[in-house]
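Worksheet: one structure, shown below.
Letters A, B, C and D mark the chains as written, and numbering starts fresh at 1 in each.
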Amino acid sequence: MRHEDAPQAEQTRTVILGVAASDSHVVANHLIAHALRARGFHVVNLGTCTPVAEFTEAHAEHPEAEAVIIGSLNGHAYEDLQELPVARAQGRLDCPVILGGNLSVGSNKESADIERLRQLGVDVILSDPELLPATLDELRERALARDTVAS
Amino acid sequence: MRHEDAPQAEQTRTVILGVAASDSHVVANHLIAHALRARGFHVVNLGTCTPVAEFTEAHAEHPEAEAVIIGSLNGHAYEDLQELPVARAQGRLDCPVILGGNLSVGSNKESADIERLRQLGVDVILSDPELLPATLDELRERALARDTVAS
Amino acid sequence: MTDPVTPSEPPELPSLGESLSYVRELGKPTAAEVLHTARAEGRVALQPRCGVGSHAQMTTLLQDLERHAAPDILTLTIDSHTRLKRFDNARAALLRNPADLNGYPLVTHGWLRGRQLNEAVRAPLEVRHGSPDARLLFRTAVASGITSFEGGGISYNLPYSKAVPLTESLAAWQEVDALCGDLARRGLVVDRELFGTLTAVLVPPSISLAVSVLEAVAAAREGVKCISVAYPQGGHFEQDVAALRAVPALAARYLPEDVEVHAVLHEFMGVFPRERAHAEDLILYGALVARLGGATKLITKTYLEAYGIPDTRANIDGLLLASRANSPLLDFIQLDEERIGHERELILREVAEIVEPVLASGDLHKSIATAFEEGRLDIPFSASRYARSEVIPRRAADGAIRYFASGSLPFSARTRKLNEQGLESDDGTRIGDMVKGLTRDINHFLNVFGESPTIPS
Amino acid sequence: MTDPVTPSEPPELPSLGESLSYVRELGKPTAAEVLHTARAEGRVALQPRCGVGSHAQMTTLLQDLERHAAPDILTLTIDSHTRLKRFDNARAALLRNPADLNGYPLVTHGWLRGRQLNEAVRAPLEVRHGSPDARLLFRTAVASGITSFEGGGISYNLPYSKAVPLTESLAAWQEVDALCGDLARRGLVVDRELFGTLTAVLVPPSISLAVSVLEAVAAAREGVKCISVAYPQGGHFEQDVAALRAVPALAARYLPEDVEVHAVLHEFMGVFPRERAHAEDLILYGALVARLGGATKLITKTYLEAYGIPDTRANIDGLLLASRANSPLLDFIQLDEERIGHERELILREVAEIVEPVLASGDLHKSIATAFEEGRLDIPFSASRYARSEVIPRRAADGAIRYFASGSLPFSARTRKLNEQGLESDDGTRIGDMVKGLTRDINHFLNVFGESPTIPS
């Protein structure tokens, strides 16, 4: 199971995938990468334990990436994404950031746990990875619409 | 397992045994009867479901009985002994009344449960049937002492 | 609840027809249907014991049990006064302090409140009591829309009263069974559960099952169509599984084909260990016996058993723990099938030897009463004068319950020998004080768990 | 507690000698002693996972668990930041909100607080973490008087980090093991538990055990005297029992005689069912596997597993339910010994084929690192770049975990064939999308209980 694969065609859509900095849960990451590839995406999979800086570096290498997709299972999403606001303010991560997994510590999740992640600059929070393709489509359409208006 | 047995000797001590009026738990009753008989007591065992009136009748038949020993397991001791105060006031039960078993409903026993049974006229409340012989001895000594003073 | 403690005036009982249409409108499955489905699905249906004096608290108790443990059937356990038709005492205790009652006085509360309870929960209800003469209670139960009723002319007499002749209790229960037959013909099958548990302590399996066979034959003759045969867990695994597995064979042998017969297990009914962990080991064990013995239903116990009537929490926990036995992950368990087969044969033979002479006679009721009189039928530790209790059970060294003395039971020489053999390896206990040994046998699970007995030893 | 969130200044670590006398004065048994006793008594020792950020709450958590469930060994589960030496992040989270941490940051709290925790409970403590380089954490643990420490140079690297070379982690763990050897020579045997659980999901038994054998050999060479081999319940009964029963044989084959080796079972570590009843079925099942497989210790789960770190109540309930497996009433259970024997043989052969070439070489560390590089050693779903994850496990139709692809593992033709046979009956799943099938296998217990998967299917 290689961590990156070659773009298949001209029109290939690229996404950057990874697991948050302190987090080594990898199974969902493997499966999501497979599922997106099966749908034709070029997946730059950074794997587990990926700090924000590594996502920005990958984005610099792949400026065509439509989105950065981050998984966090161990409950540490908030601490692991502390550098996200600065990175975004500096324009080093100017594509949508999608986050999913188990996003806070404990068995009782509160809406505040989600809210503070949005405030860090996460654009979309998903629970079901099956929704990823549709979400990516929608984000791209929105971006295209925005670009059309802007140009 | 007969319910009464013949007095064995002149000096035989008699007790009246039974289970309270609404109560059919009989196993402890059988075992207590056996144990007292093994110690030489003449046990008039009235068995289960014995109303206060039946105890007084037995006492009338066996005025020599040292004590009436009542078991109650089903939690109904208080209701089942409601007629005890009248019977005692009328002198129809003028020997010590010993009570044992599971004396109130529920798994949490409170001292009030015991207190109100004493107020009905129960003299001794025991939990461990092993203490019966020693208790009977003590009650007899007390009675003898009282008789000596009285005469 | 603003209801008064007892209704001011006991409402008159409705007709059977009215009750029948009430049950139909109620829109819940009958107990018989729930049992049928459980068996078809290979699941053990679970049922707690539960009954408190207050109507309001009884309602809450049933609802809490359903919400947190969803038992398949719920119980109204009736108080001891009502059982013995001491209705005045039930009313007095209810007025003084409902918490003094060890069960729900259904006759005193009345059938309208019975319907309220029925409507408060989804599961069908069973009335569990212990009444030698339950005619009024049964009519009240039917009027309440209750579709399962426990008891029988032997099993709700001998363990539960002192001075009711068997002919009387058998006649009273014949009326109950006849009404069930009537209802069945009119489309409502009431589950009639027989209390093979008897005096619960050291009951030899064949005594339990023999009494149930006789009651079942009597009930079937009156038209009863759903019979649950309750058996009390004795504590020896293979013997208990064998007893449960004997039930279908007995049904095939002694009952008409159109009667649906279920085996029901009562989790251990004797002296329970006091420590919660030990009690829970025993609860799980019982539940596993039910599953592996193929019981349709399990009546659960709680970790407060040794102390008194359990609180709701303990009752829920008992149900939840027992429900683990329905786990789909236990198929790895294999049993000593040879030993089970051997025990089952022994049980079936003993039951045959006990019941067949009684069934051979013309008048079943009279024949039962006479047999008890003469000791050809008997139970250990009878609460009643109408059984001799010459039968003395003991545990063999391996924990199995055997006949130490079989009194006047019409056992064959072979059966006697097998029982003696069973106890033979029990070296030491035949010598010395029999009562001492019996007490040790009664305290079996205290010994297993190293808890001190509280009775002379 | 009036303690500040973190100590103002991390206290300097005491000498090994001082720590040694502290442990002696502590007056509680070591983890190794508790394990030894449990095995001697034929009991499965129980241990929860537990760790929260706040020192005060950690103290209460340990005490509550001990009061209500009395586990044999208690745990300090360490937070993910500390595991990866992200001490600054641990401190930041601790200052912001201790509840944001998924474990107890022992290094940040410091060894004096570690001692406070140790003194707050009777049971010995184990540190459970997941650190490729645990040297500082280990020193802090020893200074805290903690007598059991989990991990190893392979098992705490590959599942727990992305970019730490195996030679580095092996070297770091060699230091830990050498210190344990030192302590053992000075009279304190620290239990070193190896994390054979690895990535927990669909781990083939022989991969788990092969990694443990290699780590155990490395540890024993440094003088470690008590080794716990943890194995993750895979979900197939006979296979799991066989794996546990393989541990003594592996110890006899590959380890010096004076090392005490215990088999430890982790209750199912994969996708847990969400419904409480289903989760509890699985918890009890795991506990029974531990008992019947002869595990010395069981690490428990809770009915909140699918949701997140459990609250204290759920943790207690999980321990209490698991403790039923120590019931003296389960001796009736018999197993399919033939199948177990067959699985055990297969496992032992596979382990031998995997480890023996690696052990044969001179430099164990280098040989391990190279083998992983070349795929002769491998684990599925590696979190690290330093394993290939060419091994693809699948479930056979009966639920057993087999090698669908064994990558470059040096398996004999026979082993390969047996694995293919195992999957052969798995009709249908070899055809069609492999990932789809893999997902179904991962969701095994959801399927068993009829819960819907939450991942694409």
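By definition in this document, contacts are C-beta pairs under 8 Å (C-beta built on N, C-alpha and C of every residue); 3 or more make two chains touch, one makes a residue touch a chain.
Bear in mind the structure is a predicted one, so any value in this text is a computation, not a measurement.
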Shortest chain-hopping distance from chain A out to chain C: 2
Inter-chain centre distance, chain A versus chain D - centres from mean C-alpha coordinates, in Å: 30
Centre-to-centre distance between chain D and chain B (centres being mean Cα positions), rounded to whole Å: 62
Rounded Å distance between chain C and chain D, as computed from the means of their C-alpha atoms: 47
Pairwise touch network: line, ring, star, complete, or other: line
Touching chain combinations (by label order): A-D, B-C, C-D
Of chain B, residues touching chain C in the complex: 1, 3, 21-28, 30-31, 34-35, 38, 47-50, 74-76, 78-80, 82, 102, 104-109, 127-130
Chain C-facing residues of chain D, complex: 237-238, 277, 280-282, 284-285, 288, 320-321, 323-324, 327-330, 332-336, 448-449
Interface residues, chain D side, partner chain A - complex: 79-81, 83-84, 86, 89, 92-93, 96, 99-102, 130, 159-163, 199, 201, 304, 307-311, 314, 381-385, 389-390, 433, 435, 438-439, 442, 454-456
